[in-house]
Structures are given as structure tokens and as C-alpha cells.
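Once you scroll down, you'll see the structures, which are given as C-alpha cells.
After this come two complexes, each holding chain A, first together with chain B and then together with chain C.
The block that comes next holds the complex of A and B.
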């Protein structure tokens, strides 16, 4: 099994890792230490103290709150999206591209969907305006609850102590 | 039954040394697997543990033999689909029909040919038509497990010392099957009965000799006979090379070792997936969904029956559950009904195909066999497009739905890779690889011909979480994607290239953008009689972006008739060449004669239509979706996109907030400080225009109560609600709809022929379908 340095994992997150190392990461069995290094790197990239335990997006993490140890979803800017078992999107801002004019803002004519069939739903952080997700469903489609991790089992897999309130 | 056996001279239970019939043998394996949770009850890998070198030696010989046979056999084929694109594969099975190892190529056929062997086993082919050394069987029947009729399988039993030791299957994608629409993945037909030749595990050879009745009959039923026969020879040659290889391995390693290997290696494969899931994924559930437009009400879609003449949408939700024990479950509850088109599939194709995609991330090894399937639970509800349970369904372009639904799985499982740091494995999804340029008629050599351009094997791939997607590189179903050489396509098709260029602005925007597609403009030339049609998505995009990335651009159609190009060429006037950069500018039209008839719209599915020499057809191969908020994209990358003609100025400004200058030579330079400032403004604008989701839900809920949506959207929901009480209940709960709210399909007035009454293959006398998923 390969091992990587924290610097290499940090470069991976930044998108600057050299291709030889990326290729090694792709072709060799996965390195068990990745999770630990990744969490350290992510933690250094945010200004809050809550402990990051899983990443949901480039600016969205599942964290153990330093206030009350609750497990919540948090934007890099500090905005809290609620308990990790609930869909964070319900606490976001949404902008729906549901007509020709709004679609023209993102794709040239004929290269965007027909909004009678499909709309684009953009989910923004209410505090910093980061776009955390874009959905492309039909009208009427329920908001997708993308991922619901089983944290208890995850920490068993990692053979690491789990946060108290999972 | 016994009488029949005696009459043909076959005795059951003599094929295996154990004296069991093949069916009893297979059932015993299934029972041992179900009881222990280990394939064939292999709680330990005795052979591998005791003699790891011997075990690996057999694996290496078998795998090398398979790959080598594929490469050699490929050279026999004349079809560019096989010879250029490598649309063939060879697979070795144990006597029970479970895959031991496979060659490179289209890995989906690990499962489809296995399903054909299992069908022969379960339906007592042993008694009738009999299984003997030197036999060949042919299958392309989708009701037996094939993907689409143009994938023809030759299956050869392998005997040693008088007993059956395994099977080898060889598959090629043929150019034409004699369906209503020419070109192998066609439309126009809406039922199996127009979907081309159907061969159901038929014995087509004895003593290594193809039977004349089969050769005559099959050629009468298809258009492109020369390619058909050479494909046939390709498959037979490959199968026989592999049979010889296995015989040699048995002689070198001993029959006992090889037999042990052929079962243990499958349990080894099962464990490999479990290990990999635990190493890369996060346990829990991931939900994902995909859609595909089926715009059949348009006048350019000609179908034989009124009940097919409607707009509908394929709906493919999936709940992926990664379990604590490292196995996983894929549940397709809520999928929409099958339809009167050629995009239906069956559970074997659906589930086997998933490995095509998973081998590109979850199990990227050469050890592909049936093992991972034993670590996977699939649920394909009966009556959905994934499991129609109706023997009238057409399947010619099953890929159209399949790839879209798989792409969403890739996106979904990528969320778990991302969560724990394996960013290099993340893929935002893939394009639905299309358009499929197809057609036929009499070609430049005066022969009856059909074409299916596999240029689509090189679409844009999805963005990764640490790099952009690849431009015009691959297709989800063929990781070794290749666009093919222009010179070869021009030999195969009466279509000259007026241009082949990267398609600007087709990759989904993002921190990392999706790979771009490309476009080729083809002019019909030298044909005597020619037809073509379009086969892709246009009104909808089957891909989403991931974590803030945008979906790729959708498709559109461009075709032109009565172009006056012959005259313009003679007069030395300008011609439509190269790019259709911004489709709203209608650049090509500026170089056509005054009487040209142009179709430029979102209708990306059409049926066979006549094309004269000089007519134009734009083959637009799609881009891939993006990853992450576009405002996170490196300034240098945006600048590069502009300078490489990957991105239009307008969208560099609107999407990325780029502020730039352009010099006399057309070189763009981005002002980083001004761009950063503009991006900060864009974030503020988002906050300004966004509404709280719960507030928006109230307005959307009102639309649902008012039944305010297009008929296609409503029909999709109605069909899913009818098939899934669970999906309906969840829908109503999410939108907090009144208890009596309902959306029966009956109230929409759309055609419902086939919606309530099914004709299952299992209703046929003496037919026992092989079922390998939960229904």
C-alpha cells in the first residue's frame, strides 16, 4: 500500500498535486491514512473550531460542534445548515432556472434544456453565496437528500473512536 | 420430456463428472452461496491460500489468453465498430455459467453472455438441442439477458476428457440487425417484432462448423451481410482460441487445479469488491436520479402505432445503500414504466452494465468476474423500464436509458469517495454519449448498407474533484473510447467530413469543468439512396453536475437539405466548414443556397429520413458535467478556456465573473483582481435572488396541487406513482400534499396501451426465465 504526505493530500485538495502521484493514487490500493490527513487539511482551511468529520462538498462539511458536540453540517464561512441527518438543502437559498431567459444566463440558445421538461435548481449558502449544489430535475421533483452517512459504522471501519453524539 | 431426450440421443447428467445435470449443479452452487454468504460456499480460499503462485499462474494464463484472443480475433472483422472501436469481448465461464475472467472490451457482456448460458442450463438445453464438444450457440435475445439485439454472442462449450469444463462467450456489436430502422441502435420500431433478427440461444454450429441453415437465414434478415459474416468469424475464431488456451492450461496445471480455480476465483472477486467498498466508500445511503427525454410527439418521429406517439420521460431514481459488511444494495424503486420505443432494458443488461462503469472506479482491476455481483443486491421492480416483464418490448437502443441511469450512480457513489478524501476517484458523472448518427441505404460502393457512427465513443468525461474532465475522450460504456479515424469513417459511410472540431461551451462549468464534446459536419456524397436519423437527448440533460458544478450543455439538431452545395462547390463559393460555435448565430446557413431547408432545433430523436447527396448532418457529441462552484475555478484555467476556444466570452463573464481584455491577435488576458471583485459581487447577487428553500417549496407545492406541469412531466410521475406506492407516499409526504391528492395516468389522456396488461415471457409454455434480481 502506498502512503502519502500531508503536503501531498493538501495539494490534492488544492488541485495542484503532480500527475505522477495522482496516477499512483489511482492505480495503487487505497491508503488508509488518507482520512486522517484529509481531515487535518480541511480543518486548516477553515476558521471555525468545530471538528470536521466528513466532507459533503468543497465548502461543506459534517462537523462535531464545539458548543454542544452535536453533529451538524457547516459551510466554510461558518453558516450552519442543521443536523447532519437532515437535508441541508432545506436550509439553503434556492434559485430555479425555469424559463428560457434564466437558462440563457448559463448556456447559449439550443444548448440548455427546455424548461417544460427540466429545470436547474441552484442551492446557495445564505451567508456567503457559495453555490453548494446544482440539481437538474423535472419540475415538481422533491429536493434530493443526496447522502445520509452511517457514521457509527464508518468509525468502526476506520477503527477510530466515534464522536459522542452520532 | 424423456421421449424428446431419447429421440435426440442425449442423456442428462453425463456432462459433468459429478453426474449432476447442469441445472442441478447450478442450483447447488446457488444454495451453497445463499446459505454461507460465500460464492459456492468457499468460506476459505483453499487453493489460493495453499498455492498462491499456482493460483496466480492460472489467472495470468487465462487472462492473457483472453486478451490475446480478443486482439487477434479483432483483426478478422471488417466492421469499423469492431475493428476501430473494439466493440467486442471474450469471456470465460465455469460450467454453471458464472464468469471466471474476461478480456478487455465491453465488460457488460460478462453478465449478458452468462445469462444466456444460465438460460440454456435452466431450460434443459442439455436434453434438447443437446450440448456437445464442437457445438456453437448464438444468442442476441434481450429477453434472455442481452443488452440490445445488435450484440451478437457466440457461445462455445469447452470439454476436456469427455466432460464439460467451462464455456467461452464471444460478443461483437454488429452494424445492423435488420430492424425497422437501420444502424443497430435504431428507432422507428416500437416493439420486439420490428427490432431486428432475434436468435435465442440457438445451436448454430456442430463439430466446429457453422450450420448452413443459420448462415442463410441470418443473412436474409439483416442488411450488412459482409460485416455480419466477418463478425461471425471473429467471434468463432476468438472462442476457439480460448478453448484451446483453456485446454492447454488444464494440461499444464491439471484438471483439478483449474476446476478449483474456476470457482474460487469468483469468491475472490466477491471479496475484492467488499474490500474495496470498505476502503473507499462511506457506509449509509446515497440517493440519486436520472432522466431522459423521449420526445415522440414531434412530426419528425414516425412510428407505426398511435400509442407510441407521445412525449414521455424516463425516470431512474436509485437508492444506494453501502452496508456495514461492505456489500451494497442498489434499489431502483420509483422508476417509470417501460415504453413503446427501443430504450427498454432488462435486469441482466441493467445490472451487468453497472460493472462497465464501476470498473472505472470501484473495481479498477483486471479481475473482473461474477464475484462482485454476488456482493451486490439489485432491486429492479417489475413493470419498470429496468424490468418490463413484457415480451413485446424493443431494446435496440437500451443504452440510451442505461448510460444515463448509470452515470447518476457514478455521481452518487462519488459523494462517498469525496467524503473521506479519495478525490482522485470522484467523477461528476458522464455525458449521455450521443448523438448516434445512424442510417442506411445504398452506399458509395453500390451496396445495401447501414451505418452507426461510433464517434460517440469519445465524448467529454465528467469533471473530477481535483481536475477537469477529459475532452472528447471516452464514453461511460467504453473506457477505451476512441473517436475513430476520419479516413476510416469516410470509407465506411458515404459521408464526407466538412469539419471535425471541439464543441465550444459543452463541458459543464465548475471549479473543475466537464470535458468538452466535439462536432463533425458530414455531407452526404456519392450515395445512390440514403437515409439518416438522430438519436440523442435534447430537451433534457441526463447529467447533473456535482457539488456546485453545472450539467453539460444539452443537445440540439442541425440538418440541411437542398443545400445547393454541389453548385457552390462548382462555383468556388464559400462552404459550411468547421464549427457551429454558437448555434443561435446559424453560421452554416450563411454558406448554403437560397432554397436550403434547414432543421435546427431541440428535436434530437428522429426516425429514418431521406438525405440526398449534398445534404448536411451535424453529429454533435456531448460534453461532461462539472464539479464544484464555478467561482472557485482558477483564473489561469478560465483564461486558458477562453484562449483554447473551450468557452464563449459571454459565459466566461456570466458564469465565472471573468473580467478580461482581448488583444489584436485574439489572445485573452484576465484581470485577476477585477475578476475576484466581480466574483464577490456574483455571490452577493446569488444571495439577493435566492429564496429560502422552504419558502420556494410553498410555490412549487401550489403548482403540484394545480397540476401545473407539462404533460410529459405529469405522465412520468403518474407512471412511477402507479408502479410504486412508496414513491408516491414519499412524494406526497415531501410536498405535504392532501391525503386525497392523486395523479392517475387515466386523467392525463395520454395513450395507455400496455400500461395495465403485461405479456410476460414466463407465460410461454416450457420457458423458464432466469431471474437474478429482486423484483
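The block that comes next holds the complex of A and C.
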């Protein structure tokens, strides 16, 4: 089995790891130390102490709260989006691009979708303003719930003790 | 000493990524192999390697080079330049609206060259950086349709503007490639002339390449890639080869250096189309096999070349090497005719790991390469390689690895194999290492069998040639039980590619796409027109061939022209490459002769019942090969000295693990063995450059041409 250094995993997260190594990582069975190294790298990138369990976006993690051990979703800035079993997007600021003018800000005219058929919904952190996600649904479509991890099984796979409140 | 009655005549050079091999041959066929570590300055490595080789004869390049008559080079520098994207900054002018097709790589380029699993695994698909950046790409309004008619005349003022911008931006060459230009090259040529004008006006002198002047063939991605390589990668090589040539002249050389090209011939380093030499290393071995086979009377040969990172296979059927029309290389589709080879990414230096899900051994896909394995601590490798297993099991001599250049740490290799392989599998160290070797042998054997049977043949029709640094180590393993007529290991296996280069013809080959189709309803006049079209293509290509030979001072009388064509049944997808039965064509009856030759060949390659003459016949490409006589190495011929090896050839014994137990292998020095000598396994025959393993159940004998015959007993 391959092993990688923490520097390599950190570069992978930053997107600066050389392609040959990335390719090898993709092609080979996952190395045992990866989860631990990956979480360490994520943890070093945030200012809060709550333990990161899993990433759900480049600046959004599932963490074990140091206050009450609840499993919640948290922005890098520390803003909390609520329990991990609920859709965090419902607690985000939402900007909807639903007319030609708004679309023109991101795409040249005639190269954007017809907003009667498709709109862009952008989800921002209410505290720091970072964009966490963009959806491109039909206008009437409900807010999408992208990921609902089965953390109990996940920790069984990892063969590691699971946080108390999952 | 320099023996003037038996001069050194031929030099073959294989400048690989790690080692530069030289292969010198005397008039009587005796040879020496030299090795040197490869160098950024290829001329340096070649001269160092030459000194190493000629020391075996107590002579020097200064003494030998003036008497030599021929020298063929093959190297990986151009390929490395492409793979590392370190070529000349090149501007690209295309049909307006098609600026992006080059970087889209026909979609196939995102997984070309990948192992099968990764082709299926979409996450790994990735486009390499294009050869010409999109910012260095310009569109010019023009359009030629699929019949060669002009739909939109070319707007030359746009070309003028494009050229000016590209030069200003710092491009060091300009390539022009328009849609369908192979059918009508007037637009490309007009733009080429405008570019040259603008470049001159701007006081610059960068080269301009119109695809129609180089590779007038269909498929614009292939054609554009190939023409771009001419600018991007071949121009720098031209300088390096000029330097090599000069350095050799300084030592007294009087020959012109030739370079191995992808079509299996060699071309002058001064050739206009030097990108044809991009793929050369592995082709040398196939050409060497063909030459040996021809000299020794073998019709069908399976060529197998095992190096540190890959296993290359090719078939010679009835003395002929099959060709791919659009080869690919370095993850680029190309318009280069390429000797067809099957390659798998498993070699003597492949890494070995345990797959945690199946708890089984997994080889590669990456390899230690020049870093050898855990047995060479200085190489900085922590993962076990196949070489480590060879060292542990007594296949290779740790004290004389690559002639003793590297100092190996056997205990470290043992510790690594134990921890990484043996313990997780719950096996003994030896059995785990032996399992690795068996797995590699099995996988090579399956690929070899698959390649032969996929083409409708059986191994029993073939003699197997085994060469490359790792060939003789594995020859027994990957041929065992396949039923080849014979397995042959040349004593110069490690320098075989360099040898093969020296056996290749001095030959140019040019191709041109054609759209000729004749059905049973076609009139005589239509046949006449088809013949005229093909004849005109041959004439055009022959002129190009002659133009190249004239650079080296040859006249028409020196050159043998061999026309060819690719034909198919109309509506089918696969065409076959044919040598023309006629040296020139003129009448409608000539068409029938071309058709008859194809029909007969098709029946032989596939089956008589598969022939479909009722569909009609199409010619998809015209081909012209031109060659001149060259000096080739003689095959050594030595008298029989009886079955018993001379005393000086016996150099000792070594424990050797095979068949789940340790046995004692006798050790021989390869160079001291004599023709007729017969050796029964377990035995290991060593030379500086390679190791030939004969396990229990095998024996080998050396013939008068210094070829070892490996026999299962």
C-alpha cells in the first residue's frame, strides 16, 4: 500500500499537489493514514477547536462541538449551520439569479440559461460572506439536500471510535 | 588494438532515459557494447559510452571513428521534451472558429496511454497542457470543404495580423493547420507565405510550418499535433544532433549520423521531418529482430523487450512488421506511421504492493525506474520493487549489479519485502518474493499469448526473441508453457535496441490521404481517374523523398522507390497497408492488379471467407518509401567448440530460490562461453549488462551466432 506525507495531503487539499501523485492516489487503494492526515490538515486551516469529522465543502465541515459534543456543520470562520442531519443551506444567505441582468454578471449575454427554465441559487455564509455552494435548478425546485453521511457506518469502515452523539 | 583488416564499421546508439548504450560492430560481426549514464548533453553520453565499449577492444574513438561507415542514433530526448512540455513556444493558426480543437485532443487524449482500470476510472482522466497555448492560437477566416473545394476564400489580412501578434507575443515558431488542407493546400500555403513576409518585415527569422507541407493527411487533431511537434520538439533536437554530429567529426568521423524513425527506417538528422524520430527506442529492437530473422531464416517472430518500466511486444509475420497508420505517443494522437507494438506498464523495476481489499499482490502501475528498489538506499525508494525480489532470490548478483556501478543493501531489501509483502500475506520471505516473480511472469505470459491469439495466430507458429535489460532474466518465465517453436536470447540482449538501429534501412517514408473509391459499377474512365489520382500522389511523395535524399548528396540512381497504398473494402472501417505490385501505374488494368493484391492479402490476414469484393474497393492513403544501400552489421559466426563450457567461463555458485526451495545455481560468465556450449539449469549466466537465468527444468545452448537457445526439458 502507498503512504503519503502530511505535506502531500496538505498540497492535495490546496490543489497544488503534482498530477503524478494525484493520479497515483486516485488509482491506488486508499492509504490507511489518509483520513487522519486529511483531518489534521483541515483542522490546521481553521481557527476553532471543535474536532473536524468530515468535510462537506472547501470551507464547510462536519465537526464535533467542543461545547456539547453535538455533531454540527460549521464554516471555517466559525459560523454554525446547525445539526449535520439537517440541510445547512436552509441556514445560509441565499442569492437567486433569476433574470437576464443578474445572469449577465456571470456570463456573457446569450450564453446563460433562460431564467424561466433555470436559475442559479448561491449560498453564502451569513458571518464571513464566503460562497459555499451554487445550485442550478429549475425555478420551482426545492432547496437540494446534497449530502447526508451515514457517520456510524463511516466510522465502522475507518475502524475508529465514533463520536458519542452521531 | 585496432585491427585494420577487420575494421569497426557500424555504430548503433540507444540514448535512453537512464543509460546510453553504444553498439560497435566489426566487419566480421564481432561486437562490443558500451554503457554510460545518460546526460543532458547527449553528445557527452555517447562519447563516454563509446569509450566504455571500445575499451573492450583496447582501442579508442579517435582510432575507430575515422574508419566507420555508418552510425544510427535513437534517443528519448525529444520524447522527454514533449512529455515535460519543455519545447519551443509555438504559435498556432487554425480555421477561424476552431481555435479550441487542439486542446480538446479529440477527447481521447485525456486517457490515452492509461492502464485499463484508469481508462474506466473517469476521475483520472485529464488533459495534458496543449502544445500550443490557447493564447498563442489564432483563427483565420477560410474554409475548404470535404471534397477540397473552397467555400470561403482565405482572408489574408487576418493572417497578417495573426502572424504579427504571435511574433510580438514571443512565439519562436508558427504552425498553420486548416480543416481539410490535405485535400487543398492553397490556403495554408498562402498563409504560410504571408507569415514569412510578416516575420521578415519584423526583422525576425522564426520558422513557419504549414501542415500540408509536412503531413498532408486527414484528421486535423493528428495532423496539427504532428506539425506542432515539428516546431515544438524537433527544432531543438536538430540542434542537439548537429552538435553530436560535429563532436563526432571532431574525433574524425566521416559518416552522416542517421536517426531511427517511427516507421522503422532511419532518416538523416538533417531531414525536414524530424518529428518522425519521436518514437525510436523500442522500434530498434523490432528492426533488429527482423534483421536477425531474415539473416537466419526465421519467418515468424514474436519480439519481446522487457525493460525496467515496460514490456514491449511486436510480431513479425512472414518477415513483415505490421504498421499503425495513426500511432499515438506521449498521450498525443499523431499522423505518423508507427511500427505496431503492444506495451504494458510492467517491468523488472515495477513496484509491488498488497491490495488491502483483496489482500493480494499488485504490480505497478508505477515503477522504481533508475532508482532500482529498496535494495539501493541511495535511490530513495521505500516501496518494494521486482528487482528487490530478484536480488533476494539469487537471480541477480548484488555485488555486480549493472556491472557493479551501484552498491546494494541486501538486508534492507529483505527487511522491506518481509514487512511490506511477506508478513501481511503470512508467507516466508522467499515464498513472498517468488510469488512476486511468478505474478510478473504470469502477467507477461498472458499478454504475450493474448497479443498473438488476438491476431489469429498461435505461439507454435513463432520463434520468440527475448531482449532488453530484463529479457534474459524473465525469458524462461514468460515463455514457459506457451509452446513457442523456440526462445532465443541474443548474447547482446542489453544492447539489442542499439544493434537494431544499426540494422535499419536508410529510408524515408511519406504518406498522403486519398479518397478513391471504385465499385463494380464504376466505368473504365472512373478507374482511369482513380489510377491517375494515385499516380499523381505517388509522384508528389516521390519528389519529397528525393528532396530529402538530395540533402545527403544522393542522386535518383542511388534511391530505390517502393510505392504503397492503404486499401479497404468500401464501407468497412479497417484498411490494410500494401506494397504496390507495380512500380508505376497508368492504365485501368493496373487498378485491377492493386485490387487483386489487396484481396489476396486480406484473405491471408483474416480469412478467405471474410473477403467482400462486392462492396468495391477504396484507397485511403498513398505511401512512398525510398531507400538507399547502407552498411549493416554482420551477424557473428564462430566455430563450434563442443558442449562443455571452458574453465574460464565457470565463475562460481550461488544459492538460487526456485520451485519453493533453495538450490545451488552454477554461475557462468557470458562473454567466455563458446558456441556449442550447453548449460543445464539451475544456472545463471552473467555479463555486465544483463543476467540470463536458466532455472531447473530448462537448458540452454549457444549457437555460432552468439544466440542462446532456451529449451524447456
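Following the convention adopted for this analysis, the second predicted complex is superposed on the first by the 166 of 166 C-alpha atoms of A that agree within 3 Å, B and C clash if a C-alpha of one lies under 4 Å from a C-alpha of the other, contacts with A are read in each partner's own complex, and residues count from 1 in each chain.
Just so it is clear, a residue touches a chain if its C-beta (ideal position, glycine included) is under 8 Å from a C-beta of that chain, and two chains touch if they have at least 3 such contacts.
What you are looking at is a predicted structure, and each value in this text was computed from that prediction instead of being measured.
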Partners on chain A (chain B, chain C) - clash or fit: clash
Which superposed partner A:150 touches (first chain B, second chain C, both, neither): first
Partner chain in contact with A:116 - chain B first, chain C second, else both or neither: first
More chain A residues in contact - chain B or chain C: B
First (chain B), second (chain C), both or neither touched by A:29: both
Stretch of chain B penetrating chain C in the combined three-chain arrangement, among 313-321, 493-501 or 547-555: 493-501
Intersection of the chain A residues that touch chain B with those that touch chain C: 26-27, 29, 32
Interfacial residue positions of chain A with respect to chain B in the complex: 9, 12-13, 15, 17, 22, 25-27, 29-30, 32, 34-35, 37-39, 54-60, 89-96, 105-114, 116-118, 120, 122-124, 126, 128-151, 153-154, 156-157
Footprint of chain A on chain B - complex, ascending: 276, 278-280, 282-289, 291, 293, 313, 322, 324, 364, 412, 415-416, 418-425, 465-467, 505-506, 509, 511-512, 538-541, 543-545, 547-551, 553-554, 556, 582-584, 600-602, 628-632, 634, 648, 650-651, 654-655, 682-687, 689-694, 696-697, 700, 703-704, 709-710, 712-713, 716-717, 730-731, 734-735
Residue ranges of chain C in contact with chain A within the complex: 115, 117-118, 121, 123-124, 126, 353-357, 365-366, 382-383
Contact footprint of chain C on chain A as seen in their complex: 1-3, 19, 23-24, 26-29, 32
